[in-house]
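Once you scroll down, you'll see the structures, which are given as structure tokens.
Look at the two complexes coming up: chain A is in both, with chain B in one and chain C in the other.
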Partner chain A sequence: MKLRALLPLIGFLALVVLLAYGLTNDPKKIPSPLIGKAAPQFELPTVLRPGKKISNKDFQGKVALFNVWASWCGACRDEHPILVKYARQHKTTIYGLNYKDQRSEAIRWLKVFGNPYIASAYDVIGNTGIDWGVYGVPETFLVDKKGIIRFKQIGPITEKILYKEIHPLIQKLEKES
Partner chain B sequence: MIPELGHFALILALCLAIAQAFFPLAGAQLNKTRWMAVAKPAARGQFIFLLISFVCLTTSFIQNDFSVIYVAKNSNSLLPIQYQISAVWGSHEGSLLLWALILGIWTLAVTLFSRHLPQAMVARVLGVMGLISIGFMLFMLFTSNPFDRLLPAAAEGRDLNPLLQDFGLIIHPPMLYMGYVGFSVAFSFAIAALLGGQLDSAWARWSRPWTTMAWCFLTVGIALGSWWAYYELGWGGWWFWDPVENASFMPWLIGTALMHSLAVTEKRGSFKSWTVMLAILAFSLSLLGTFLVRSGVVTSVHAFASDPTRGVFILAFLAVVIGGSLLLYAFKAGNIKSAGRFSLLSRETLLLTNNIILVVVCATVLLGTLYPLVLDAMGAGKISVGTPYFNFMFSILMLPLVFLLALGPLSRWKKQSLSGLFDSVKILFAVSILSGIASYFILGTISWPVAMVIALFTWIVGSSFLNLYKRVQNKPDKLAALSTVSLSFYGMFFAHIGVAVFMMGVTFTSHYSEEKDIRMKPGDTLDLAGYSFQFKGAKEVMGPNYRAQEGTIVISQGNQELTTLKPQKRLYLVQRSPMTEAAIDPSLSRDLFIAMGEPLGKGEWSIRIQYKPLIRWIWLGTLIMAFGGLLALSDKRYRTKRKNSETQVNPA
Partner chain C sequence: MKQIHKILTVILLSLTCLNSLAAINIYQFDDPVKKERFYKLIDELRCTVCQNQTIAASNAGLAKDLRNKVYTMIQQGKTDEEIKTFMVERFTDFILYKPPVNNTTFLLWAGPVILMCIAFIFLLVNIRKRISNPAVEVDELEHERIQTLLAHEKENNND
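Now for the complex of A and B:
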């Protein structure tokens, strides 16, 4: 037996370890260091109107969902209709952070798939994303009336997470003054 | 009662699969003819019980038996009958059953077309296929039983996902699975050959038609999926480098490499251990694809509802099947002697280059698909690599491949003189360059990639015809001699031209497409790419299980009215999900694609209008490739030569 002939097997075993890790590692279980802290500040132009600015001050006094999305992100396509439906049913404030995207593509996305956001911040460089500790797209933050981050969802929001976890939390936060 | 029958049939099929795996494999090792003789009847019996099981599930769907969980989740009494049938494979459990059934079909085919093969070889091939089948049936019975009951029964089903209520989705999964699972035959042949120590040109000759057949199905399956995504997902793209698309594309790339490498092994006796490796890889990647879709490791538009226990099971199965074969390879590959030396410039070298490029492309795609997972494992978090990476890497790597594609068939085995090759293609080379330059002026826009692709198109098509001409140039009646050229040559001829056609489609679509997202009120007209589109308004129409807003758009060119398109925005009533049903005016030279966006009030709509030149060439090209594969399969030499091989290769 030649050592060279073992190489494919070794490569494959490394792959199995990686996949096993992928299986056991539930991204939703990673606690965010930002939870319980004030939302990081930002000021960015909006996607639809480059002249208009949006900042974290727009969130103040409201319970707001802050959803990180991009037109190039496949998982966002899963998540998006759920947000659109939710925005239609409830009057929850939803803002978007359009992350490392092209403006024309982002605008088209909103036109084709619907726009659940009051406005989306256009973060083309990704600095705001870094400040917010964004791992990847999609991610969603729930910010309370005082501007404190109370919940973070890594990866797409599913109907189950939205209605079982996020929605009850929003209702609870709405009652806080 | 019927679901229980199906469940029971599945268990019986499993028992037969165990017999099919154990006795023939052991018999071949111990040289017991009677044990080996179990292979064929067990395989056929397994197929029959799988078929019964599948028919039972289908019956439950047609009878709207909502006491079966799987039916209740994926069907509805209002669902049209053709979709009730295709809903059988519309979700996880049923598509596994389809997978198992298709494996049964391939196994049956092996039992029918292996009369000329030595008994030990057949026994081993069927034994290995039995092992694979056991894995899938255990998976189904333990984690994903489609026959599980729901008590009390649901009054109504939750309906099939509206995206899947479409003709393309009726045939796309079966085709794709025929391809995926078809590679299990080549895989089993490779494992059988390793076990028996019989890696010779006879083995390559037996594997070739099976590989080509699976490749044809996979090609058509992928093309269908892409076509479906184009008209059904509503945004006019045709390939998204989505993890699940990649999962089907990787076995295709390796399968393509395998077909070429098998040719070398059969004709020249070289590349043996490489060919075995490719056969193992092609099927391993099919299994990996299944894992990626089912386990939820990588997020994707296609991923079925994921479940960690399923993921663990498939991963263990992967580890056993792939790990086991690679271990076997490690033990046996050292003894493989490749015959047939070849010099630096020869058809062997060119085919080796083809293989290396295809494997590198596949590795690139695999890396891009798993990269998010790797980063995640290193603590960097989940990210998406995205289309730019894939498009860039893919075009850079494929360009040399399509250039060499023209030279391979024109070169000799063993040794090709550089000057001879140069002499035969110099005129063609000049013509190709000229065609690129000419197109540069004709199309009027400065775009080097397009000019280059047009030159390559001329290069490939020209070389194919040049090669055909060479086959008949010394015959007195050249036209009549065309019919004496072998079908496998024509297979290559068409497959290569298919590549050229595909490439043109991709390039023109990505460079010259035009599109507008526009707000239109009834009576508004938009001019795009020389066509004018007039919006006449939208009205409500009812479908069997949906309600739709249907727009009417009249397309004219100059003063002449061309056609009227009626795109729809559908609301499926059970799942309350909106769907965009695009309307398309297709032709060979361009598609006009219209999709309804959102209603904006007062009869106004946001409408997306696209002009897509040569987009049909993308699928036409893939169909031509698959047609080439079919021609190669029909070559009569497989039948005659297989008979000859009986005397050469003794049943050990």
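Now for the complex of A and C:
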């Protein structure tokens, strides 16, 4: 009899747990199916020098950050100074993927806000974006020496994410052969 | 009043037209089967930016790119399965409006059936209980007494 009286409470608590789980999960964050897989192939001209091409061969043998950005992207502006600072402090290879942008705007953006990238691939159609499963800019991939994607950040990188998650992972990956 | 009603209807109807026109660019097909496949496919793929819309319904840039991708892949002679696999490899099962049955989606698919089974078992147990413990039996004498009591009650109420 006593247990019966408690049933609604138990039901309620179960519901609370379920809803709390649902609420703390961000449905906007789709886990990348590419983690642990080889980075998709691409070959694109760079933003600054249209005649020069970059492809993922450029960052093979290195641990590289591949940051998807665009001059029209508001959150990129928040993230950018963090990347600029990080590029200055550490020797990490950072490449950019300039996503569906105008070249002149992109160049101006790099001049005004600084250029942390060794080079940025210019993906005006967004095909490379699709291949990499990009659906919200900014996004950042961490590719290991063998060209395998090990981490993906959806949305802007914050200092906390960079120094608590990404940087330790980079150091770990640097030690791998 | 009627006039206003008419005008409003026209405006609303034209708005719905605009909406569907804006979402889908005009794609040219030489083969009606391909056309049908295209429109079916874009109606089954979710826009990952605006997650409650299909890529057919969404105006987001990515939805447009994905529509173009589906179009090119169809023109290249890729099958529906190949196109869906291509999308899933990049955006996970999430991109399918109808997710496949696997470990993570098992509860989603089986949940309602499981809940219904539980409810059904609950119902059966309760019915059985009622059958095995029928209501208190009354003999004839008591039955008469109840009747008189009820009749009495009725008279009282009528007063």
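Keep this in mind: the second predicted complex is superposed on the first by the 148 of 177 C-alpha atoms of A that agree within 3 Å, B and C clash if a C-alpha of one lies under 4 Å from a C-alpha of the other, contacts with A are read in each partner's own complex, and residues count from 1 in each chain.
Going forward, a contact is a pair of C-beta atoms (placed from the backbone, for glycine too) under 8 Å apart; a residue touches a chain by one contact, two chains touch by 3 or more.
Keep in mind that what you see is a predicted model, and the values were worked out from it rather than measured.
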Taking the superposition as given, does A:Leu23 touch the first partner, chain B, the second, chain C, both, or neither?
first
Key: Which of chain B and chain C A:Gly126 touches, first, second, both or neither   = second
Q. Of the two partner chains, chain B (first) and chain C (second), which one does A:Asp58 touch, if any: first, second, both, or neither?
A. neither
Could you say whether A:Leu34 touches chain B, chain C, both of them, or neither, answering first, second, both or neither? second
| message | Looking at A:Pro81, would you say it contacts chain B, chain C, both, or neither? Reply first, second, both or neither. | response | first
Comparing chain B and chain C in the superposed model, the one touching more of chain A is B
Quick check on the superposed pair: does A:Glu165 touch chain B, chain C, both, or neither? Answer first, second, both or neither.
neither
Residue overlap on chain A between the chain B interface and the chain C interface 27, 135-136
In the complex, the residues of chain A that touch chain B are 1-2, 5-6, 8-9, 12-13, 15-16, 18-25, 27, 70, 72-75, 77-78, 81, 85, 107-108, 111-112, 114, 135-137, 154-156
In their shared complex, chain A is touched by residues of chain B numbered 234-235, 240, 242-243, 273, 277, 284, 291, 295, 297-301, 308, 311-312, 315, 318-319, 322-323, 326-327, 329-331, 333-334, 370, 372-374, 376-377, 380-384, 386-388, 517, 576-578, 580, 595, 597-598, 606, 608
Residue set of chain A touching chain C in the complex reads 27-28, 30-34, 100, 125-127, 129-133, 135-136
As the complex stands, chain C meets chain A at residues 48-49, 51, 61-62, 65-66, 69, 88-92, 94
